[in-house]
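What follows are several structures.
In the two complexes that follow, chain A is the common piece, with chain B as its partner first and chain C second.
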Partner chain A sequence: MSVIRVEIEGAASRAEAIRREADEPHSELVRFGAEKPLRLDAGVDLSPFQIAYKTYGTLNAERSNAILVCHALTGDQYLIGEHPATGKPGWWETMVGPGKPIDTERFFVICPNVLGSCMGTTGPASKTAGGEPYGLSLPLVTIGDMVRAQAMLLDHLGIESLLCATGGSMGGMQALQWAASYPKRVFAALPIACAARHSAQNIAFHEVGRQAVMADPDWRNGRYLIEGTSPRRGLAVARMAAHITYLSDSALHRKFGRELQDRKALTFGFDADFQVESYLRHQGSIFVERFDANSYLYITRAMDYFDLAADYGGVLANAFRGAKTRICVVSFTSDWLFPTSDARQIVHALNAAGASVSFAEIVTDKGHDAFLLEEPELFEIVRGFLKAAARARGLKAKG
Partner chain B sequence: MVAPETPPLPPMQFAPRIDLVVVAEMVAPGARVLDVGCGDGELLRLLAETRGVDGRGIEISREGVNYCVAKGLAVIQGDADVDLVDYPDDAFDYVILSQTLQATRHPRKVLEHMLRIGRYAVVSFPNFGHWRIRLQLLTRGRMPVTENLSQSWYETPNIHFCTIRDFVELVRQLNTKMERAVALNGRGRPVRLHAPWWFWNMFGEQAVFLLSRRV
Partner chain C sequence: MSVIRVEIEGAASRAEAIRREADEPHSELVRFGAEKPLRLDAGVDLSPFQIAYKTYGTLNAERSNAILVCHALTGDQYLIGEHPATGKPGWWETMVGPGKPIDTERFFVICPNVLGSCMGTTGPASKTAGGEPYGLSLPLVTIGDMVRAQAMLLDHLGIESLLCATGGSMGGMQALQWAASYPKRVFAALPIACAARHSAQNIAFHEVGRQAVMADPDWRNGRYLIEGTSPRRGLAVARMAAHITYLSDSALHRKFGRELQDRKALTFGFDADFQVESYLRHQGSIFVERFDANSYLYITRAMDYFDLAADYGGVLANAFRGAKTRICVVSFTSDWLFPTSDARQIVHALNAAGASVSFAEIVTDKGHDAFLLEEPELFEIVRGFLKAAARARGLKAKG
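== the complex of A and B ==
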């Protein structure tokens, strides 16, 4: 009994620690007051608001070596090193660090928490001036809003233009939005495993996740933080469903097959007989400890609303017309969330706009999550692309 | 349109393939270049280093593409027969098809697209009219296999072989202007400049043409 109680208390205190991050993150923080509102696509101003961010490496004297890493749906600013709230390693340890493809000995890496998230940048879990969390009173945010907020962060940091904006999944959407919205502020962009618009299938998956959260009675119309509940079951189901889409049929088969979980025979019940069930339940339960349910609703919505062509008269090429930004698009063969056909659509538009574009499709069975995992070919491509961009920008070679 | 005079290549530390040198010599410094079927990017690198071009590539093999991108070249995965349609008119100064013409399904359409996308087209290809090839066909009665064309008929990607004379005839039909032409013999030396076509067709092992749109 006592062991279980300690575990529950541990989870509760972790949840409390995570909740504190929403307002007082461990990372760097910039607050924008009433004099600097953020004009949202929803048509209202957000003010005051704050951006939590981490930086790695050193900005050079010319301020020309900054790389913006944009995180995905449930990511955060903690790229590498131990996460202050979860104790887990950073989400892009494979890619970022000294000597890594995004080399922190050469580049100044900035990773902001996105608008709408819950790790210190203003989102539904953040407290309003009145002291209560926003909940659903926060206006909806878009990928464009996230990027506009990031541009304000760069202004604050005194960085006129980035060497590169990059990221996977929703991070890739932001990198594309950067290339479209601020072509003069991004020398290069490296969107990975993403699309220029969210597909009907992806909107459908997100809707299932949101409905699971909102069907949980503990969601309380988004007021759970005020009412002292937590829609854990709903959010866990949302995460379980989403997690399937991040993998692939063959990766699931390779990892789990039809293996049973800690048992020799089927139990003829609804307990987690199969390893894959146990795995998904585990993924769901650890997720609810570290993520805010309303943030999940807001950010999935931001992805659903993303349609870069729509902002440019329905012609994607117009989003990149006249852009000098060098762009490298990467996709993975087994990614069924953002299949290669989505990447090709971006590449066609970039070609039509006369932009400098590279495109590589990487063979892997790891599905959408491949961008987070050990993929040597991805590392070579990122390393080569950044090296060429740095050379073209006149950065000194690494000494 | 008269192709600009191009200076010889500067001295190099390495010895690139001779046909690539001939192609590179036809390209004006600082031009915008699309290399269709760029393989491992050797020509794009040569052009970047010796001509300072703004180069892009299309390559059909994934290994080739990923190798090029990792080398920092702007290369995309694509098929000359399918993907040239998507490029706007006049997007490039030069569109290059190096040792790739014979592997396309629709060589004529590919050439038309090249001359639409670029002001100039550079095309290099192996000459199927070379005397050694003729001799093999004549004496053995079998599809020729040579040092340059080393694969058997059933596994070669080269599905549309042509001779220099065939190509010249196609250029005429396309109402395209031939700006320059070089034929290389078996030792990689240019065939005599003022020789007649039949002589080139007999002794040129490969040929490089610079074409331009007739205005």
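== the complex of A and C ==
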């Protein structure tokens, strides 16, 4: 394996920056060669492969203050600071940084780009040995595969055991998978707004998104990078549909209601009369600038396949049997993608397994995306849980 | 105006049957000529235009037993019996027929295809005087326009006043519009699973569907009928997304859960591994066989534009002020497209207007589509409400 650090300067355009970012990420990169293949759940070895990641803060001498942050479907390793490709703030500015709940003055934060994604870690846009992008020839990856790859990253970093694994949505699935797969390597886990298995309704929404991408003639059976096209329209529709599920009915009503967009009356046409239409179209169009369509297929599929109990004889409690990891599960009242009932299933299983578990349901109208937003109660819970975990692990209190 | 009756026999294929059905419906047809234009909310006159409709049962001598059934987005005039184009049962077999809650042995049931649709009533697939389909040159239509056209149909049929106007979803919107626009022409109204205005979330879902259609290159800016293409893929994606909203999370879980489709293990590919995926794809593919893509755009837009209070100074109660129509509002607990809170808004406004109103929230896990399904409590409510309305209007009890 080798470690590389590359900086991107003065990329000609945002699209160019994204293309270059995928090849040469503005982050740390570790490549695993033929001697370290990744055995995938699909039953094949992935080799070589690489993980792009960012770290924030400083690893202490005892190597006991590392927190792994796992990102969601379309997230990446850029937690804080200006995103090198989009120029926007990182996706967890509210949560991570000096003095923030995940305090980078105290903790060493690692955020890897997941397997199958498009920000430097191996995914369908990565090139094979032959020099062409994988496209659909990349084997399907699972949440379990993502986590096994992350464990190899920790080996590479010389971190035997994490203080905590956390994340929201698919990031929470990974945190749960960590607690199940590597109970001795995670002192604590903090899964937020997630489930131990993807529901039929959520699979249905993902399938709509995939069908939208695949219906775009420019998708070219996944070979669009080779053929010089881009399934932008299909991917934008997929993002629009998904975006509705990240919010709540009441949040949409509060933000937009039936307010008109830059006009005083209905136009009796198919333009975006309503602000909510304009907002959705915007979400679709900015997304296709930053994300690879095949990665969207792969990662939604990984979430659909997630069913932690299935790997443990159908009994979720067995996934956590005997584990010493202390776990805090968080849900949001208005999250209808991963409702509190999903969180309760996890909590019941953890209790049945005799695990150390706490549970918080946060009252908010912000929907699933609440974990990304200004949500003071969430901040208090994360801060308190990490403080207690650090104390229990014998970390020195912050200066 | 003129009245025509045409039967379709031995159509070469289902698609052909649908095409012919649009031109020459297997139902009654009334054409309004230049002397009877329809003034649209868009501010222009539609002329000529036609309404296709079906009737069931017999109009009594007093012309006092007519019930108008208004259909939903993709419904049509074929309430019961074999659908002439699809060969399937009518969409309200559970509710309408001899001895059924809407009893055709007692009541004269009229079901018109709505303006903008594609089953015989004038819509974007109808031909202009020049002989080409309207496409997007048809002005946008509203729920108000649909109801004004229906009032012209009643004039044509010689029915001064309905015993009841009813329907679910967009059909319920029309029933409400009837009570607001023609209070003296509806003795009773029974809106089911609807709202007095379309919510931001519902507009958002419709916008996703429209964008999916418009993203299909075969849509050709709405000129696909002229250019000999068909935006099947886009329309199928739109239907899939919408279909999820017609069900409930728990219904999907009960029906499909994470069950696999004709296989014993995950295939680690993008085929429809899960039954819910296979089901959704099927829903998409059968829909494009029977529905016109531009009609889908027009009718979703009509629903988005629906905001009954807006036409009455922003106060919904004003829409019903002084009305003598007796109204029963019905909602379903698991309907998240038109949740009970929407129904309550209607009920509050009706109460504020001093109207005669009753309200039933039916406990079911079937979601929005419950109004189309076997729902005994709904049957009892409809039967009881119509019986009471008939008695109050002095109809003879059923032999």
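Basically, the second predicted complex is superposed on the first by the 387 of 399 C-alpha atoms of A that agree within 3 Å, B and C clash if a C-alpha of one lies under 4 Å from a C-alpha of the other, contacts with A are read in each partner's own complex, and residues count from 1 in each chain.
Everything that follows uses one rule, which is that a contact is a pair of C-beta atoms (placed from the backbone, for glycine too) under 8 Å apart; a residue touches a chain by one contact, two chains touch by 3 or more.
Quantities reported herein were computed from a predicted structural model and do not represent experimental measurements.
Visitor: After lining up the shared chain so the two structures overlap, which partner does A:162 touch, if you call chain B first and chain C second: first, second, both or neither?
Guide: neither
Visitor: Check whether chain B or chain C contacts more residues of chain A in the superposed model.
Guide: Between chain B and chain C, the winner on chain A residue contacts is C.
Visitor: Is A:328 in contact with chain B, with chain C, with both, or with neither (first, second, both, neither)?
Guide: Touch status of A:328: first partner only.
Visitor: Name the contact category of A:377: first (chain B only), second (chain C only), both, or neither.
Guide: So A:377 only meets chain B here.
Visitor: Using the touch definition from the top, say if A:38 reaches chain B (first), chain C (second), both or neither.
Guide: In the superposition, A:38 touches no partner, neither chain B nor chain C.
Visitor: Touching A:362 in the superposition: chain B (first), chain C (second), both, neither?
Guide: In the superposition, A:362 contacts chain B only.
Visitor: Contacts for A:109 in the overlay, against chain B (first) and chain C (second): which applies, first, second, both or neither?
Guide: The answer is neither, since A:109 touches no partner chain.
Visitor: Name, in rising order, each residue of chain B that touches chain A in their complex.
Guide: 54, 56, 62, 65-66, 68-77, 86-88, 91
Visitor: Mind listing the chain A positions that touch chain B in their complex?
Guide: By the definition above, chain A touches chain B via 326, 328, 347-348, 351-352, 354, 356-363, 377, 380-381, 383-385, 387-389, 391.
Visitor: For the complex, give me every residue of chain C touching chain A.
Guide: It comes out as residues 41-43, 136, 139-140, 197-201, 203-205, 207-208, 210-212, 214-217, 233-234, 236-237, 240-241, 244, 247, 249, 252-253, 255-258, 266, 268-270, 272-274, 276-277, 280-281, 284, 297, 301, 304-305, 307, 336, 339.
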